[in-house]
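In the two complexes that follow, chain A is the common piece, with chain B as its partner first and chain C second.
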Partner chain A sequence: MLPHAEMVHWAFAAGILLVGLCLLCEAIVGEEVWQMRAWRKYLWPGLAFSLGVLLWPVMAFFTNSSIHMYAHGSWAEVLMLAGGTELGLVHGRLRSPLWRLSWPLAFVVTGTAFIVHEQNPWFFARSAFLHHLLGWTFIVAAVFPLLLVWRPRSAVLQSCFALMIVTVSVMLFSDRDVAPIFGHLSSLAGTPHR
Partner chain B sequence: METPFVSRLPATIARTTRMRIVSGIGPTVVAAGLVWAILQPYRVTLLHPRGQGVWWLLIEPPLLVVVVGIVFALLVARPLLSDLEERDASAR
Partner chain C sequence: MRRLSSIVLAALVFPAAASAHATLQSTTPKFGTEQQRAPALIRLHFDQKVKILPGAIRVLNGVGRNFAGPSRADGTDVVASVRPLKLGSYTVRWRAVSADSHVVSGVWTFGVRVPAPSVNDAYGAGGPTGGEHVVRWLWFLGIALAIGALGLRLIVLRGLEVPRELDRKIAVAAGLGAVVALQSGIAAFSLRAEDALQLPFGKFLYGDLSPMTATRFGTAFVTMTLGFALVLALVYLAWLLDRVAYLVPAFGLSLLLAGGLSFSGHDAVDPGSSWKTELADWVHISAASLWIGALATMAALLWFGAPQLRRQAFLRFARLAPVLIALVLSAGIYLSIVRLPRLHDLWTESYGQVLLVKIGLVCVALLWGAFHHFVVRPALDRADAGFLSRIGRSLAGESLVGISVLLAAAILVDSRPPARPIGHSDRSTLIGGSAATLTP
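Now for the complex of A and B:
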């Protein structure tokens, strides 16, 4: 009765895409306009926090191995931490901009978990390739939220951050349980389905 | 000599560009989902629902993209555009 792993990736991709679009709009119109309606300033931090909460059932029901459990659990924790601190910052409960260091931390932890919990090489199958690619994307792109701690109003950095989140959602939508990548598919990966 | 038109022109262009981008994001995402549905129609199980499992009926990636685009356009972009107009009107 559980969905395929690829379906979970697609569902999260939809949520992440919405977060990315909101971030992109905030970068385009500026923080002042974005926060003109009270509900809107909580929108993407709330979505990020909710995605973190929803990662817990993923951890519970998709525990293929200990390393999967650690990976999904650490994503849930860091995404809840980053979303929660962002909620605290926009609400005014948290004041120090250093709280925004939770985002680069979340990116580095997420990237490391992606790389570590993928046991197969890059060209084993599409899912293996995407796990490696996602991991390195998160680690390299951690530079954007890191720089945003000191340059929070930079539209270029905000746009790069938003487009990186949209790119992550595209990668997740590209995920398949068993499918070739650039013509490569290990015979150990199983039989491809639609 | 005062030339208010010249000094206001860049701001007007920037405002129009921002509004165009914001209003175009939702339809672009919807279009991307529709193109995906046309390229891989077997992923849209609503077109052939008989014999499909519940998860295949619930999670159809091209439709998820379309839904995100529609939700974004209606719930985020539309009020944001009116706020942008309101702020520019008050700034004039």
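Now for the complex of A and C:
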């Protein structure tokens, strides 16, 4: 018995929101204060890594089309990679800051998978609109983790990175409803939920 | 380059011509069920309206005769009447046009007073191809690499002072094995589903894979995917936190998951198979994976990466290998007797011929291993650096033979053993006419 797709989206949106909020806190108080308690430095990288692991069941169980399976699989892999490299960096097992390139890579792959796996046009329904918006947000926002590789202490870049992740989580919370977007709803989209 | 960029950009901006991608939510009769009365109607329930194509629903028997009448739309359902069906197994193939103009398709099976065949054996499915053999071989290699690297660290190097760099390399090898197992599992599942659905790749992207996950192959795929994702996470945490203890559950899990290779093949459903043959197959595959994987990892990582451990590792592996070989041979001989009840099947049937090639390769590997055991091991104490270096190359050679054995094993797992003599045949050969297995 599979949970509804909405539930799964909400669960992952909650996880991504937590990652974004941790990043935002770190950007506001600064790395030194944030890491005064040792466990806190592992918090958001560990969460990201765990979300990657938890995406594998989504890939394996939600198989109503091949393209969804591949999209979920690619998100699982890049989240594990990005969370894992961040864990390695904060724990000191990885040294080169270039490992942080895994984040822009994850953003670009995630964004592309969002756009490719959404087969409806922007104004088909709210979910389609948000899938397109999520895809483009990820692709454009990849610039922030990319610049952070060379400017790791920039508070502006850190804040932008955190806010982008918070934004993405908000979009994920609302992207499964059958609902109009700016007054548009295709007659083929089904009955609006609310 | 600019043109390519424009095409990629255009594909991202305008991903679809128009509208929706329909999802099949339920069917009547249900996937893989045995019907006591022949259904008079086939009903597909979608999450949205779809357009009807000529021949939207086809109900095919074992020789491809269609029993479905014309299809019609009924709200979000597509319905087709069915002419009276006799006792037997049937394949339903459907297709409909989604609002996005993509053709969504699917397949499932049911039986009338007989169990439904696996969807892998649906009418029209061609069976494993050369590409599938290669992918399954990669699946074997990934699992052997994960099991071998973990076994090397936990059994062969147990209690020894292992340099941190070697630990890192072993973790990378085990992680790489898990990643290869994950990717090749996805590829193997996709190829199997593509064959069952009988669709070109472009249309396959919108094919419904749900009936596939209900098959034994699907169950193995889901279990192995989840399992190897966990193995990957455990190996990563072991490396990150410098805790070898995390490798123990990863090793145990990998050994258990090796059974999925036979569970997903023909072995598990062929006549004569039982829990004993499945257990023997698991012992055969896991012991072979540990033997070949540990040998290859030792040759590639330890021999030149940690020369101070070469002697001890070699001696310990030489104690472990005979146990593994005994397990491989005893399980293999038992399975050969069960699957090939007549000796001449070995040279008259394609399954037997592949088995002969595999036996030949195993013999080469055994002779090579015997040379290491009886000639190299006693000479190891007085060996100089040059001798040890040559032994490294010899171990790599034996590993390559082992990898070839895995290729033969991959083909065997995908292949069907010859039919058993009359008296042992199952209902599928009597009823279906096609090569249908009865276990969904």
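The rule is short, and it goes like this: the second predicted complex is superposed on the first by the 192 of 194 C-alpha atoms of A that agree within 3 Å, B and C clash if a C-alpha of one lies under 4 Å from a C-alpha of the other, contacts with A are read in each partner's own complex, and residues count from 1 in each chain.
Just so we're on the same page, a contact is a pair of C-beta atoms (placed from the backbone, for glycine too) under 8 Å apart; a residue touches a chain by one contact, two chains touch by 3 or more.
Worth saying up front: this structure is predicted, and the values here are computed from it rather than measured.
Once the complexes are laid over each other on chain A, chain B and chain C both fit without any clash. In the superposed pair of complexes, A:115 makes contact with chain C only, with no contact to chain B. Touch criterion not met for A:96: it reaches neither chain B nor chain C. Contact with chain B, but none with chain C, is seen for A:40 once the two complexes are overlaid on the shared chain.
Once chain A of one complex is fitted onto chain A of the other, the partner contacts of A:59 are limited to chain C, with no touch recorded for chain B.
Within the superposed three-chain model, A:67 lies in touch with chain C and out of touch with chain B [touch as defined at top].
Which of chain B and chain C touches more residues of chain A: that partner is C.
Touch criterion met: A:10 reaches chain B, while chain C stays clear of it. After overlaying the two complexes on the shared chain, residue contacts for A:25 are found with chain B alone; chain C is out of touch.
Here chain B and chain C sit at a least CA-CA distance of 18 Å once the structures share a frame through chain A. Partner chain A is touched in their complex by these residues of chain B: 18, 21-22, 25, 29, 42-43, 55, 59, 61, 64-65, 67-68, 71-72, 76-77, 79-80, 83-84, 86-87. Listing the residues of chain A that touch chain B in their complex gives 3-4, 7, 10-11, 13-14, 17-18, 21-22, 24-25, 28-29, 32-34, 36-37, 40, 43, 173, 194. On the side of chain C, the complex with chain A involves touching residues 11-12, 15-16, 18-21, 23-24, 47-49, 98-100, 102, 104, 186, 190, 193, 204-210, 212-213, 221-222, 225-226, 229-230, 232-233, 236, 239-241. By the touch rule above, chain A contacts chain C in their complex via residues 49, 53, 56-57, 59-61, 63-67, 69-70, 73, 76, 80, 84, 87-88, 91, 93, 112, 115-116, 118-121, 124, 132, 135, 139, 186, 188-190.
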